[in-house]
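For reference, the structures are reproduced in the following blocks.
Shared chain: subunit A. Partners: subunit B in the first complex, subunit C in the second.
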Partner chain A sequence: MKLSSSMNLILAAVLAVSTPLMAQTPEERGLEISQEAKQRDLGWGDMQADMLMVLRNKQGQESVREIRLKSLEQENDGDKSLSIFDKPRDVKGTAFLSFSHPVGADDQWLYLPALKRVKRIASRNKSGPFMGSEFAFEDLSSFEIEKYSYKYIQDEACEAGQCFVVEQYPVDKNSGYTRRVVWLDHDEYRISKVEFYDRKNSLLKTLTFQGYQQYLGKYWRADLQQMTNHQNGKSTDLKWTGYKFQSGLNDSDFNKNTLKRSR
Partner chain B sequence: MGKGMKDKLFVFVLKHPIWVLLTALVLVVGAAAGAKNLVFKSDYRVFFSADNPQLIAYESMQNIYNKSDNVAFIIAPADGNVFTEETLNAVGQITTDAWQIPYSTRVDSVTNFQHTWAEEDDMIVEDLVLEDVELTSEKLQSIKTIALNEPLMLSKLISAQGHVTVVNVTVQLPGVNPVAEVPEVVEKVREIQQKYMAENPGLEIKLSGIVMMNNSFAEASLNDNATLVPAMFGVVIVLMLILLRTFTGTISTVVIIAASIAGAMGLAGWGGLYLTGPSAGAPTMILTLAVADCIHILSTMFYEMRHGVEKKKALMDSLRINFQPIMLTSVTTAIGFLSMNFSDSPPFRDLGNIVAVGVMLAFILSVTLFPALLMLLPIKVKVRTEEDSDYMRSLAGFVTGKRKLLLPLMSVIMVSLIVFLPQNKLNDDFVKYFDTSVPFRQATDFMQDNLSGMTQLEISVNSGESSGINDPAYLSMLGDFTEWLRAQPETDHVNTITDTLMRLNKNMHGDDAEYYRLPQSRELSAQYLLLYEMSLPYGLDLNNQLNVDKSSTRLVGTFKNMTSNELVLLETRIQGWFVDNAPGLEAQITGPNLMFAHISQRNIISMLSGIAMALVLISVLLGFALRSVRFGLISLIPNLAPAAMGFGMWYLIDGQVGLGLSVVAGMTLGIVVDDTVHFLSKYLHARRERNADSVAAVQYAFGSVGRALWITTFVLVAGFMVLAQSSFKINADMGFLTALTILIALIVDFLFLPPLLMKLDGVKEETKIAVEQGETDEVK
Partner chain C sequence: MNKQLFSAGLAVLLLSGTAQAEEVFFEATGKLSGEFRGYFDEGKFSGQDYQTGTSFAIEPELFWELNGGSDTVTFTPFYRVDQHDEERTHGDVRELSWIHVADDWELRTGLRRVFWGVTEFNHLVDVINQTDAVEDSDGEDKLGQPMVNLSLVRDWGIVDLFILPGFRERTFAGNDGRLRSGLVVDTENARYESNDGDQHIDTAVRWSQSFDLYDVGLYWFKGTNRDPRFELGVNNAVPILVPVYEQMDQIGFDGQATIENWLWKLELLWRDTSAEQYTAMQAGVEYTFYGVAESAVDLGVLAEYGWDERGENADASFQNDLFIGSRITLNDEASTEFLAGLGYDIDYQSHSLFAEASSRFGENWKISLDARVFDAGDSKDPIVNIEQDDMVQLTADYYF
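Our next item is the complex of A and B:
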């Protein structure tokens, strides 16, 4: 019969497609994709870049912050990072040192030039905004496999061609999100877009990445990250320039005792 | 409509009542189907037109900072102490659950207050009450001390005695579906309230805040319609049964009223109108106004039938006699309501339009569907003596006999009431829009008695330069202003960035109380704020106090509930402070209360042109109907005086005029005109057709329409008095003052107009009649 033959055909097709996946649940698939993405970005060592941050409110008012960023890759832990503020002028010279950890609070120090003191910050600010922007600390810290559990959703066309859509569920209970939905392109496993869902699981923000460039023939970095908050109508752009990799930074450049001297 | 056409219509109606019935049914059902589109818009902002300057200023401030719509859980433990393990745990859980409220963007409570302190070179920022820390009695005592000494919390989140606390949830409604969003929030809020009250029997939780108020606009109005409309139907049925003693007539009238309401509300739905507090009062008003048409047709018909005329003929005669007066009064009433289109407040425009449509529908139905129903249903008429006409005759005798006394006496009464008119004070306190039976009002009163009022002013102070808020001169000005504002007798609480900065300065100097003062350098302030901003968790940032480039900051003052005048005076005082003490700075003051404080004045000014327009239109109509410029002019007095007297009397009763009352004058104008039309046309009929002198004409007018006038007035007063029972003050006041004005109008028409006519007309008796006799007369 025509019907049953076409049914058979569909069944065969479904089996053919799903057999290699049969062993894999969506959770495992999601994890696999994320591991591959992390794997491809390993080994960059240290990095420096200039970040221009443009904040906009619903009324259209803008404000600009300028920050220099240094990062040091860590094995089996979150990366170390140092942010030095250049603008606004009244915070010039302020330096922020952070040892991020996949789970639990990060270690953070802030050097205040006006007070000539280094202050350790003890807080659960992971979910809080970075410099009053729409980026939270957790949006800016390094991606670590242990931070989330995963679920592969589907493949979908995206700006970079074809993308995996993977949901990530934060492990840390102080995270501001119930989930993040991430679009990674098939070719290079670069993040094309992230949607953030708040604690009541409603869409809070969308982050898009544009102008990816490859460094050292391996590591992809975007020139522009745009974060839009759908709930309060505010947005923040991060414009990156002057990427430098493997310029020989080491632990002593990321030390709270030398924080004062970092310029 | 030509006389021939009119007659053809009546003949058709009486010949084919079934067809008329079916056609009317189809049309009414078709119109009424629009009611499915009719939804309640629960947002106080609907009271403001898009170009209202106070709304524009407010919206722009909401865009610069964050929106300040909120829900307040007011939590009162039975033992009168918030600082117990049990209560603080509950507050903590409510705080956590509150994050699940749809569109919530921020939750502030005693437990998640970001407490900062120093430990050597560590700056510690954490929840005042941590989830996993055991609450020993020492810990509880320390929490209490911190909370009661923190200016950000005291009187806002915690009462001075520590016996009532508030969990304040900031809600950012997207405004995509204004109809569904507020109920969605309220459903979750009530679920939380119920849950924690059930789990903690000693805990009383009340709900206040802007979102709850918005919701109350809808709920109070819908509850009103669920009780007032049936009550009004009851009143109409009882009155008609008593006064006209007809079962069929009553049923038919109820059908006409119901069809008029359903049709008008349905058409509003088709027209894409939203329901709002005021426009939800439309059914009661249409109901009241539609009755009059039916009463006029029924009473003439019964009069004829009692005199032996057969039913169909009696009905035909009644339609012929009543068509013009009913049309005229319907049109003038509609014009009165249409004058509301001049209102600055959109809900009143909607109300005016819906009622105007309802009144015209009632007119159309009472000359088509109504006679058709009366034809189809059996009617019995008992012959009885008309005792009322005796009353009317003696009233007429009294008025004509005492006219020399009545004219000056009534004039004095009228003038002495009217002089009170300007004494009324404008006041729109939206909390008092709801009577004490509404839970929102109870909760807000409770909050006012124990913590703080609901009056808020948002004051944005612009430094004029990027990062300017860190300038020590600016901060010290802001500190001075905060101090001054706190010292004002109306002030309950001031939320200001200077408190945070002083606390941080103290923290940065090892918690030395000496340093609880503003930082002395710009860099220091900027870096403290940076440090603090970098330490705050999601939803507790400073975006609600600082704009993006830190050139301006927003203070929020919370005040005891006060009248609009007092609030406007406070606003002026605040502006004055900035002029005297900070001449270079620009301070913008906004807030929902302030928007309402200005709206009555704006609305009254805009309504004045509406009333003037309605008055001109109605006077022209009357001039045509009475076919006399002179009587058109005379009619102005009994048409205008009642509203002015009503407001004068209102001063003696209440004295505060709000948004609802600002439309009453225009609205009642169209209604009170009816009495004058009926009385004057009968008077002129007697003068012109019967050659009566003015005294006899007055007696004739009393005899022929006196009874109908007092019955319709009685129904109208009863109807608007039902509306006066509304728990929504705008509608209640509007109903009461309208009822009062209509009653006054009847008194004026009975006791003042006739003596005036006899005085003015009597002098010119001889010359006048000769002139007027040349004209043909059709007024019935």
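Our next item is the complex of A and C:
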């Protein structure tokens, strides 16, 4: 009697714990975690920041890129963004305008100051390196749920404590990856680490996030992102400074006229 | 030239500057270039009996930002010294302008450069600025044009209204310069159809818009034709060419469709002068192979066709011409790029070939190597004049 009641209790407890897990596939769990991460980062409105890229080759030689970034959140669409290049000097004044979309091609224009020319460019090139760095264009574009399918792998200890480990499979056939493995911390759903697997499914790059700071009491941004390429031995550090949120940018700050006079 | 315009602009600036002096942002940057040209042969004409040439150029840029970014001033003087050609030793104010920005409009006043168009081998519809033709044979260097340009941003597109007070004459190689016609162009004695001469006030209006994958622009220009026709003349008993600048009305269209790896490009022009009325076109495609063979290298392939209704009578160089080219971008830390192209004139069976390579060295240097080869298939083709001007050019740019 006593035994069977405690057995029942255990059984009930096991059922109570396992039923939701049984009902939810790893795919659903992966999606749920990613949706929660996206949900927690909605509503930031507009943002400006300075980006310093330090490119390091195998021999440890460094070169730098300085870029100013402005972005505007869009309802039910990808973000609008404007990137202005300050360094290297020969590309100073070059600016890049992008209207990203969760599904389909992004709209992208490049301004070339030497010719005063605005060029509409193909956004097909997702996997290409950004400014010769170890970041691909797709690594720098905004995260949208529709861009991946998902699979929850496990929980694992990480730098921020406990992390969800979720695999993300790019939907876009032009992606340079078969999958990304993402570590998100339990408390704040901040990305702690990403591993990138190339088209042959071998480990290509690892990206780590450090120095998270919270803005407007809600939005977490890392001060430092470090990308290491395991195949060519190169690395790129991305250092962020001067984050400003909700400074009143609107659609009129993101058109071909603003592109031409950005500097 | 147009001193009133600039003093007015400068007065406004100085006033706004003194009002909020503590908020003025100033930046000085620029470029120094050293250039070495080697020609395969001596030139065809007297004064061209040399095979190497050196040249230096400086182009500083001074920039002020005031009133929290609502007003900016840019000053970009330019000066080149050339070893041989006194016409190529020249200066220009590429930009001296004031831009005032409001939420859905901006006013741009002063000397500026404006580019319109989408094609690569010819810039048919690019009409606002005069070509600084002594700089390079590709026609991409332009002289600063005085203007007042009001730009309106609307949901249905961007509308640009231009008033262009004053005209800039095209630069031409002098007696000792290469890449010129047999007779030297006498730039001191240009003639004009309009009684206002180089003070004629030109006007233009342009609408441009992006529709999903399509970017289009349409404009109307009324004023002095940037392309002169030539009359024979005599200067100190030496026969010369006198440039004649006529009045014209021009309608231009440019459009690009950006679909996956393809860029489809079209430029159309209709020009009406007192002497003639004609249409011309430049159209083509560009296809890019991204990440060739699992590398970071992009390979672009370009093909264009240039057509002019006037056919062989056209004074334009591209009246029935095919172009093919290739662009290779290494996407490396040094931004190394290669561009090569071949132009073929179907009427005259003439060829021209160009190749360009560039790469960054350190944080401040860019080195370029260019080659140009010209081969006339018919003595009636104007390209026959520069047949012996095949050359390679090494350029070192220092950015500060």
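The working rule: the second predicted complex is superposed on the first by the 244 of 263 C-alpha atoms of A that agree within 3 Å, B and C clash if a C-alpha of one lies under 4 Å from a C-alpha of the other, contacts with A are read in each partner's own complex, and residues count from 1 in each chain.
Keep this in mind: contacts are C-beta pairs under 8 Å (C-beta built on N, C-alpha and C of every residue); 3 or more make two chains touch, one makes a residue touch a chain.
None of the values given here were measured: they were computed from a predicted structure.
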Legend entry - Room on subunit A for both subunit B and subunit C (clash or fit): clash
Legend entry - Touched partner set for A:Lys116, first subunit B, second subunit C, both or neither: second
Inset, instruction - Classify the contacts of A:Ser202 with the two partner chains as first (subunit B alone), second (subunit C alone), both, or neither. - result: first
Legend entry - Which superposed partner A:Thr94 touches (first subunit B, second subunit C, both, neither): first
Inset, instruction - Identify the partner contact of A:Ala105: answer first if only subunit B is touched, second if only subunit C is, both if each is, neither if none is. - result: second
Legend entry - Most subunit A residues touched (candidates subunit B, subunit C): B
Inset, instruction - Please indicate which partner A:Asn257 is in contact with in the superposed arrangement: first for subunit B, second for subunit C, both, or neither. - result: second
Inset, instruction - For A:Gln246, decide between first (touching subunit B), second (touching subunit C), both and neither. - result: neither
Inset, instruction - Once the structures are superposed on A, label A:Gln210 by its partner contacts, choosing first (subunit B), second (subunit C), both or neither. - result: neither
Inset, instruction - Please indicate which partner A:Gly176 is in contact with in the superposed arrangement: first for subunit B, second for subunit C, both, or neither. - result: both
Inset, instruction - State whether A:Thr25 touches subunit B only (first), subunit C only (second), both chains, or neither. - result: neither
Inset, instruction - Run through 43-51, 169-177, 241-249 or 367-375 for subunit C and report the one that clashes with subunit B in the overlay. - result: 367-375
Inset, instruction - Enumerate the residues of subunit A that count as touching subunit B in its complex and touching subunit C in the other. - result: 55, 57, 63-64, 88-91, 115, 117-125, 127-129, 131-132, 174, 176, 199
Inset, instruction - Using the touch rule from the top, collect the residues of subunit A that touch subunit B in their complex. - result: 55-59, 61-64, 85, 88-91, 94, 96, 108, 110, 112-115, 117-132, 136, 174, 176, 199-200, 202, 231-234
Inset, instruction - Would you mind writing out the residues of subunit A in touch with subunit C in their complex? - result: 55, 57, 63-64, 87-92, 105, 107, 115-125, 127-129, 131-133, 174, 176, 199, 252, 255-257, 261, 263
Legend entry - subunit A contact footprint on subunit C (complex, rising order): 29, 63, 72, 99, 101, 103-104, 106, 113-115, 117-118, 140, 151, 153, 158, 208, 210, 212-213, 215, 256, 258, 260-263, 288, 290-291, 294, 296, 298, 331-335, 360, 363-364, 366, 397, 399-400
Inset, instruction - Mind listing the subunit B positions that touch subunit A in their complex? - result: 60, 62-64, 66-67, 99-105, 121-126, 172, 174, 466-467, 470, 508, 521-528, 530-531, 533-543, 546-550
